[in-house]
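Comments concern the structure below.
We call the chains A, B, C, D and E, going by the order they appear; numbering starts again at 1 in every chain.
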């Protein structure tokens, strides 16, 4: 299943947030979306997942999701969005309970995804007992449980400390190697973008417009830390964004 | 003024946090302290600044701070620690109000530090109106206002998005080039450590012990992003820490 | 510079919308409509005899009673008497409450000694104590003000020390790290940090003060909305009773509005 | 593997300590000492005549009155009557309050129509309405329970919808993004998320219920702690009055403790 | 200079002698500068005298009053309102529903409910005495404590209590409505019932006899005028009207005189001449309180009453 964003524009009351975004997200591809603070990345991602309606334009689904897919467009959030009153297991179970399946089948799925994210030992733990990295792993397990066609990730690593981030990025790469998932991945972090993205979309300051789309053909497994080609791309992206990032940072927030 | 940590150990009730830390912080040097989550980095920094008393050992001050120094050991915190009910100006003023000086002198200092951190235009803004990067700049301005002998920074950049982090790191480097401040800099981020540290102290998992001290002789200004020597050091540090970071991440927090 | 491929497909169906909701927004128009409908229904019920006058007087009768109050000029006397008691009692109760709450919030000894006392005395109903209050504070304004003061003191204490407990420890540590004096930390960090909690405590204690007005004016009060209600109650003059109750309710809304303004003003930094 | 240079200097003075404080910890021992000292002082004052019996009876007299209550077996009758009213009134008031609060929290229409009504009726003192309550609910248990129900309903409504308003929107959005049904979102995300606020509302409404007990038992109550206090007040039997008030205070502490346990149990995930 | 005293009063016709004495200058004649303190109920007035906020008051003997006397705080020094056969006194009422069920005389009150404000109130005493005279136990009447007169009225009107007894001005107003019926007079059961008494603090009674005497003298003169105008009707229409007008300044002041007048007249009952005190009945009341267990058994009549000032019978 591919996604196709056509002429998406959006405004909140008198603030124009996005302007004429056209974008393709193709099966098996990770599309990274980068841009300065407040340029509308999260808003765009909400629209892709159907959580918000754009003022103009539309998001089209091309083709049908696989038959066993319970929730084609599935999010992973920056703040994990775990229910603090449910255990690890309960949090995964939550997203299956509204689908018709018997308890055994549900248990099986839960076991499976917890095993894949190496969380089996933590089934009974509450979120407050977990470190940030573990919490995000639970959120990933939860997302995998509904067998998504497309993963929508909104800065999934930016609430983590940089060592954990490093570890989780490896996990995401491993997972992609195995499952070839499709994803839209919003981030601030250029290193992440060049490490994970098959396609990197650079947005301008608000109102967010597409400034550039960079495609990286190198397979993910080949992108180790010392890689001058990637370094060069990252540097180019940073030059593209530096001034805008600075300007966005200096903006006064006024509600 | 140098600092000298001698045989510092600490425990909270039945949890041993730090074990026999010996360390020198010499004038004009930035000492980076890295280590996995919960290994006691923040605790150590609190002891260096006199905010907490170690169970055993002591922190010695060698030599006297410069005469015009209002607060020799000055912190910059991860969460900025700005008073939300004071403007930018008010937040800087706060730390001067308890020192005997006339209003004009105080105003002069405030003007000066705001100018140095390029905040003059934001004097009247409240913290809620500022982006994270700007808030941390205010905290830096506040720290400079008391003319510290040593800056104690506890992950000053980790609450910021990575683009802002990049910008602020440049600012810290520029500042050091100009003022040659002394600092103890706690971080999770190896890239920051190799970029800023003259000496990098690697702590083990809890109970934190010193596993290694790496000195980097290259001048800060020479450390640009593409630098294979630094890359190699960073990679070595990561190998040193990777397993411990993973283990620390998997720990259950239980209060 | 848009993605070339985006243009070439035209089949495909839009992603289904599943957001929105769960953010009820009050429609400004509904509230007055509900009020008016309710009163109209009530008036109609009373006139048609469907609601017996014994059970509830018609709103128009209550309004007549109100006009009567206005015309005789008694309204202002009642209001003046009640407002004076309310303001003095509420103000001094709040002030004392903030002081004691701050002590409990800052000092181990005060916390250990006073806070269990506060929890033990807080749930005592003030009307139960009225006979003692008369002996302690006399039948003049003293006992009336004391009733309101007592009622507002305890919630303020609890709100204040709760607020102080919740002041960000990081800010206090920051103050210490810059070598601020203890007094500076209390004045410039702790108290402003506790202010939001104190103000929301004030909101509660204002409501309690109004509720206690009736109890307070059980004691030998000639004038006052509470006294008016009590007299109406003892004469079973339900029209006057409803008028008095409505006056209290309006008073409550006005107080809440004033505190809302104060919050806006003092907490504009939020 | 420590820093070599660390050993070579021996001059130097330790960094001054400037942390600590601002975290008052109650010393367990102080509270009982304060209570005992207070009562001893009071007893001494009464015996020495320094506190006139008119002003306050000696604690020993109040204790005699209490023993008298126990010995005549009346204590249990009073307690049973009061507890029954408290529990029925508080329970139904809380239940209704949660339902209405949830409606207001979830639906724009309910919010617009009901929430101003709630704010208008909340500050009405229940004692003012007693004469009407007698007519509306009779002089049996009905009006007593209704008084307590009314008193607990409104704070619960406000706590509930406040709690729902504060449920993390991110969690709701998560639920929507996984295609959960509206009912699932309400049951599994919104209500558990509002539970801490609802429980702390229950704490307040329990205190209010106890305070209203006296008002409720003004109406034709033969037994009940409130009735006992009222009788003592009208007979100016201050020893019995103090006993009754102490009973209420203890009841309040027990209720607070029970709700504390419930919080521990239901919110163990915090 | 005049002695300043504070007199506690309720806005009832039964307190008229004080108002008359004030308005006609009898207090001034005795060198007293009087300030009235108005109360909503008798109970707080007794407490206010005990606490020294008020110097003199007029109220029914209640359990609270006796207990305050026991604590050495107050003393009864004279009599005021008294039941007298032939003069409209307190009336025994029943609800329409009860009347229709056959409660047409006080004899039928057995196992019926009876409204009182509080145990130990005068209503309680009256119910007890009615039961006694009709030959059944007080326990056979279901006493319902409702704290306030208004609450009793509401309960009686809506048929939730069956019966009550109350001073005539309230009773007569209620009888007009038709929801409430009269079944007897209290005077038939307690013929010389000393309904209210004059009392003061023990301190004044014992240390300022002169002040007490002057107060009682002025009060009695007021009572005489009141009795003459409204009880014995010896002053004619005009005298009665003038008296009503005087009292209206204090009682039902918020109602027009046309409405208030009848109520004031209806409330007129005999005030004892020279504040004479029916000690026999007071003793009976005290004994009744003891028997009911509402006051301690060792209270002597001397603790309650100071007999130095007025004639007793």
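By our rule, a contact is a pair of C-beta atoms (placed from the backbone, for glycine too) under 8 Å apart; a residue touches a chain by one contact, two chains touch by 3 or more.
The model shown is predicted, which means the values in this text are computed figures rather than measured ones.
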{"item": "Set of chains adjacent to chain C and to chain E", "value": "D"}
{"item": "Two chains sharing the most contacts, counting C-beta pairs only", "value": "C-D"}
{"item": "Chain D-chain E separation of Cα centroids, rounded to whole Å", "value": "41"}
{"item": "Inter-chain centre distance, chain B versus chain C - centres from mean C-alpha coordinates, in Å", "value": "46"}
{"item": "Chain A and chain B, separation of their C-alpha mean positions in angstrom", "value": "31"}
{"item": "Residues within chain B bordering two or more other chains", "value": "49, 51, 73, 128"}
{"item": "Residues of chain D whose C-beta touches two or more other chains", "value": "18-19, 54, 130-131, 135, 173, 176-177, 179, 230, 233, 236"}
{"item": "Junction residues of chain E, two or more chains touched", "value": "43, 47, 50-51, 148, 150-151, 154, 158"}
{"item": "Every chain pair in contact, whichever chains are involved", "value": "A-B, A-C, A-D, B-C, B-D, C-D, C-E, D-E"}
{"item": "Complex interface listing, chain D residues touching chain B", "value": "1-3, 5-7, 9, 11-20"}
{"item": "Chain C-touching residues of chain D, taken from the complex the two chains share", "value": "18-19, 21-31, 34-35, 38, 54-56, 104-117, 119-132, 135-136, 169, 172-173, 176-177, 179, 182, 185, 190, 207, 210-215, 226, 229-230, 233, 236, 238, 241, 244-245, 248-249, 251-253, 256"}
{"item": "Residues on chain E engaged by chain C in the complex (per definition of touch)", "value": "37-41, 43-45, 47-48, 50-51, 53-54, 148-151, 153-154, 157-158, 254"}
{"item": "Touching residues on chain A, where the partner in the complex is chain C", "value": "2-6, 20-24, 26, 46, 48-53, 58-63, 73, 210-213"}
{"item": "Chain B-facing residues of chain C, complex", "value": "168, 170-171, 173-181, 184, 188-189, 192, 195, 267, 269-270"}
